[in-house]
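What follows are several structures.
Same chain, two partners: subunit A is paired with subunit B first, then with subunit C.
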Partner chain A sequence: MAPSVPLTERKIRLSKPAIVWILLLLPFALAMVAMTIGRYQISVLDTVKILLSPISPAYAGDIPEVAKRLVLQIRAPRILAALLIGASFGATGTAFQAIFKNPLVDSNILGVTTGAGFGAAIAILLRGTHWQIQISAFLFGLLAVSLSFFGSRLYKATPLLVLTLMGILVGSLFSSLTALLKYMADPLDSLPAITFWLLGSLTNITWRSLPVLAAIALTGLVFFWFLGWRFNIISLGDEEAKSLGINPVHMKMMIIFAATLMTAAAVSISGVIGWVGLVIPHAGRMMVGPDHKRLIPATIGLGAAFLLLIDLIARALLPGEIPLGVLTGLVGVPLLMGLLRKNRTGW
Partner chain B sequence: MKNNPLRIATVIILISLFLIGCTSTPQGDQTQLIETDNDAISVVEEVLEEDVSNSDIDIEIPRFTIKADVNLQGELSALYSAYFDGELPVFIMDDPDLLVTAAPEIAAERPVVYPTFLPDTILIPQIDNEDIDNFIQFAISPDGQQVLIEIGALPEILVITDQAGRQLEIHQPIRQVLSAYGPATAVIYSVNGWDRLVAASYLGARDPQGAEAMERIDPRFPELVGDDLFSQQEFDLEEAAALEPNLIIGASRSSWIESVEQLGVPVFLVEAETAQQLRETALLIGELFGPHSYAQAQAWVNYFDWVIDTIQKQWSENPMEPKPQVLFSGTEPLRVASGDMYQTEIIESAGGISVSAELSGYWNDVNLEQVVIWDPELIIIPPYGGAKVETITESQEWQIIDSVAFGQVFRMPKLVAPWDTPAPDSVLGIVWLAELLHPEIVELTCASETNFFYNTFYNYAISGDEIGAICTLN
Partner chain C sequence: MTVLLKAQNLSFAYQAQKTILHDINLSVKKGEVLYVLGPNGVGKTTLLHILAGLLAPDTGQVTLADQPLGTYPAQKRAQMIGLIPQLHMPAFAYSVKEMVMMGRAPHLGWFSSPSEADESVVEEALEQVGLYELQDRPYTSLSGGERQLVMIARGLVQKCHILLMDEPTAHLDLSNQHRILEIVNQLSHQGLSFIISSHSPNDALAYADNVLLLSGGWVTEYGPPKQTLTEPIISSVYGIQTEVVFDWLAGIAVPKAVVPRRPLKLVPESLIEPGSRLNQVYEQSLVSPQIILITGLSGAGKTTWCQRLAQSAKKMGVTVAGILSPGIYENGRKLAIGARDLYGGEERQLAQLREKEDATLATPRWVFDPTALEWANQKLGSAPKTDLLIIDELGPLEFLRGVGLTEGLSRVDSGSYRVACVVVRSSLLPKALQRWSNAVVVDGA
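== the complex of A and B ==
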């Protein structure tokens, strides 16, 4: 099991459970750092004081009101959203790769993100409010997955393959529809809004965005973590699962349902952030191996940390926001290549 | 083309009325004097005096008399006989009904545009007379241009370089124009070329108020196909061919240029992204449409410069007056205008500083933290794309910005074309913002300039109610 890395790179050897715990704590540590970083300069000490001020206002008595509001009203909800959304993408990507037994699928395999993109685009075109856009994205995400899922029931053959195919079909249907909406959109206002949404952003996060996202994401994450070893069995195949006392069909339906809700809740707030759900599971496997008991928590931690890092760059580097969809690749690919070089493991 | 039957009918009626008048009323005393002035010009002067009742010379009563320099009489005779079916004009030296003279230098301060039928040559009616008004309208119309081209007074082919740097040879006069670019359409309206449009893409005429106002300005607006078929991105070739335009005007960044050129119709490209480019656009489009439109374009440019200079002067006479920091937010509150955009020029011309001038490109997405750093004293939102003042003022998060907490968020007004876009109307955006930023020192007011602008350039008698609705802050 030990990776066959050259001796020179084996400086620190950590046990896999330890790595899992580090990966799970990493996003919290990063979140603390991210709280202190932004376009507006607030010192680390002041940030800590501000964060303690809800407990006792005396801690932040001498700090300007603007700084307090920035940290508590603007940065805090955005950082929490990044953590939840990143964790959701990481875990759902891992879950989908397990049930489809395919390392090249991600959360969007059944069209949830594409459907949500269409939902958001149509709401933007109809001049919907912020909330209407989110709700429309969420509902169309669910609709897309329902179409893929029930569509695959029409055809009696190897269900997994048909489901994958239906996912691809539904996905391309919705991307065509989105392209049509973009074509119809007013180039002065709705078109840039749609484009920006499709590239993903956490700019508009407020505390009001969080309760629904947190409820869905946390429930789903706990559920996946609890499933843990069952993913291993499911990824072996239906026959093996049955012989081990698990109903693979029910289990897969539950996982797909949970993952769809989580992804839809995440993208309806963040816009389309592809990639994370595809790559984070691979990064996780390189670090903790293919056992889902460890992989699920590892990808939760990695996903959260990665999206937080990306969003930090997006909001703090330049006066203008950089779309997340631009940064995931720019930052993620070098990171992943570095990991590949370090751990030449198979998965 | 539509007007022709009506016009011919009017002319026939007028002629028959005239003939009836001639035959039924007793002939007045008409003396024909032949004078020779210093330049040895023979001028026919006729005197119509009621008390002189006996006449021995029997000639027709002219419709009206004209005073013109001798070297313009050929052109005027051609126009006159073309419009009045072969009749000849009567030129006199003193007390004419219609004065033809060299154009005075166009005043900058709220310029008056006289009917200009040849470059720098204007027609000024001295009495109130329908024939004269019709004649003037004819003289500056494409039909009048056609007459002047035939006698060589105006060029048949206009060689002109468009704003994409392409040299074009354009047959004059232009009768049917297709404008596939909103700012160009606004320019065409403000240089009196609107009745030659066969299809046009508009700025700000999609929302109900904009469409209603546009219909008041131009009753043909509902029938003019445009916005959906012709824009920077799209161009319906079949539809365009059916409209038989003899000039197509589009944006230099249009995606369709090469294919549209296959229609064999000249494609004139404009680029109006900055104030300087907009000035050029106005003058070029004016030139395309003929002497009168050119004079009107020149008047607009002078007026635009005068507004900017006046604000600048009044501002600089008050050294203590600060330059407020302004944020121009877009269709989304966190989408802001970059330094390259026209909105930044408007803010600077109005005596403010654009906080987001450091950004480049088009609209930029920013976060609230960045807005906190900019700390604008004033936030302006545009009159399109569903932007609402309340979206910002009622947002809990935006209360972090002092100007929001103090209600310093305002929506840029518009009648049809938004005042923050590169259209002639944007001169009013500068006035409006200057009045808002420096109410104590800037003497121009939104109300007076709006009244002047739409009456002068759009030939639209804007009502007091409309002005009130436009110029009242939010």
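== the complex of A and C ==
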């Protein structure tokens, strides 16, 4: 007689498509939880009622006004922003790693984040409004990538390497300029503002910040998702892509354009949040493998869930707000190490 | 049979004035296996890239199924021609199946992902190359031979008519080379055409329908392997003495392998001693002038070899002309180079050691006496036709710069001798063999 294996000891192995779906639904589940958590605890049932109240106020008739305001005006936009920004970082990081054929690059490879940081710093120094800071950050992010991209065109050689080099050069140019601005800034007023901006935060999110971010992020995410499988071919290099009937130059330009807009839009709202774009793709590969058909949706879900989790910790679990740039590393490193331990197949 | 791919008068340069390929013509029929052979850096990969449509030729054109290749949209082209690059490692550990699936790209629209029909095409191709069991393994964990098979499977799912392979057997062991080429052979019998760049004349002998030999960017030979892969042609293309080994089992002599031949170790006297290997050269020289290249590293004894030959030849009554350049030593150090006219017997100093080496000059270590050089050239030019011509030595000055003992080169070219013995250092042997591909190489040690 064959020894019967107790049900609990059987290892449940999820198929990769199933994992992708779980990763995609994870941020929504997490978002529901996040709506309820904060200084002011609101029950799940009440939260659902509040969320339904814009459709019919009758749903939330008995709930205090302060709870409604908290969920609808403060938590909801912040959570939505965290989801969009996290998803953007995850997907653009994956995209950049594919087109640069290098698992060690992230969304900032062409200097978009560093450029945006400079843009924000200069706007803060000039006492710009909240809006002006965002616009300045966005535009300087685009400027930095344009400099890297068109700078690399000056040199007629292996474009990928030159593009990477230009990205590094432009990145260091803008970090030097930012350092200069910090040196010049008023140490009691604008310097801390710049420093906090550079560490990233979602504190100041309101509904007003969302439409542009959502439009850019969602368009980009959909574009990447549909492109999905073709990232595989791009990641083999130009020659093979060409021999498989794909124009790698056009495709890379479109990807860089989309990824830059997405990253700039995200960074201009959240400030500099490093690390997500580098590590989420790795976590994704460990869970669903390197095939971009699954990896792109997986990293969209993972990125969104991760940033939401980080922001939740930042605003709720600790007294006083901790900048996101600090937490991404503190929370992310142990998470990634755990994944590494569980999954030895490498990438 | 119909011609699938045809190239006419192709030429290509990466930089202006530095033409890599000149006037290439070729055509490939359905089911044909064409091998492109040639030394390293001769432009084989470039040619494949032009034929695959990745590069546009500067002049000439490629036609695919009677239509100019340039007029094909990229996707359409990829449905006809597949390219398998040299073995490489992608940055990401795609599974075998995912890797093969990429070959479906030419058949899928923008934004569409592979369907189940595509999956079954992939599985069929994996079955065909014998990798079905490995389909979930990471491509990066496979052996070189298996990776090459994956790439062939990718070419198969591309459903193309011609597969171009860039050195498919490089870095593979014997059994894997055989495995790959047998699959190529089978597929070609099913009607798939191949253009394969390779370093192995022997693979071409065994598997090619036609061979295109490239040398210096020009087509030196083009035709069936039995006619193109002969001793003198291989020797001149690769600059190495070779020997074709024949397969006698078939009843008729079938060329089976081309193997490099090592320089013969022969005493100089044997040239004029009847019955020896070197004497056969002397016998043949009754029909046509023969050239012997004396080779070896610096100080190996090349000059001594020639000296002994000249001495014993004169003793036997064989007439000798030429120039010998013995080193003039002091305390075991070569301080100067002499020049002895073997016909007249006069001797002069040809060159002196520089006090300080100067790498910027044509001769960093030696100061040549121009009048002595002129004298040597004049002596070489004025000597009458003799049985033996000995020239010691022709070096980079003569072969690469066209200066120095130029009369030596033209004298050897002219053939006014029965046997010419020319001293050439090992590094210049390819150059010398390209000039005189029939020469016999002798180790001067």
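Descriptive notes on the structure:
Keep this in mind: the second predicted complex is superposed on the first by the 336 of 347 C-alpha atoms of A that agree within 3 Å, B and C clash if a C-alpha of one lies under 4 Å from a C-alpha of the other, contacts with A are read in each partner's own complex, and residues count from 1 in each chain.
Definition applied: contacts are C-beta pairs under 8 Å (C-beta built on N, C-alpha and C of every residue); 3 or more make two chains touch, one makes a residue touch a chain.
Keep in mind that this is a model prediction, so the values were computed, not measured.
With both structures placed on the common chain, the touch criterion links A:P211 to neither subunit B nor subunit C.
Once chain A of one complex is fitted onto chain A of the other, the partner contacts of A:R39 are limited to subunit B, with no touch recorded for subunit C. Using the contact criterion defined above for the overlaid structures, shared-chain residue A:V66 touches subunit B, although it does not reach subunit C. Contacts of A:K101 after superposition: subunit C is touched, whereas subunit B is not reached.
By the touch criterion defined above, A:S201 lies against subunit B but remains apart from subunit C after alignment on the C-alpha atoms of chain A.
In the superposition on chain A, A:N247 makes contact with subunit C only, not with subunit B. With both structures placed on the common chain, the touch criterion links A:P192 to subunit B but leaves subunit C unconnected.
Of the two partner chains placed by the overlay, only subunit B lies in contact with A:R315; subunit C stays clear of it. Looking at the complex, you find that subunit B touches subunit A at residues 206, 231-233, 330-332, 334-335, 356, 358-359, 362-370, 372-373, 384-386, 396-397, 399-400.
By the touch criterion given at the top, residues 49, 52-54, 74-79, 81-83, 85, 90-95, 98, 101-103, 105-106, 111, 113-114, 138, 158 of subunit C touch subunit A in their complex. Subunit A makes touch with subunit B in their complex at residues 38-40, 66, 69-70, 73-75, 127, 186-190, 192-193, 196, 201, 203-204, 206, 315, 319-321, 323. Taken in their complex, subunit A has these residues touching subunit C: 97-98, 101-103, 226-230, 232-233, 235-236, 239-240, 242-247, 285, 289-291, 293, 345-347.
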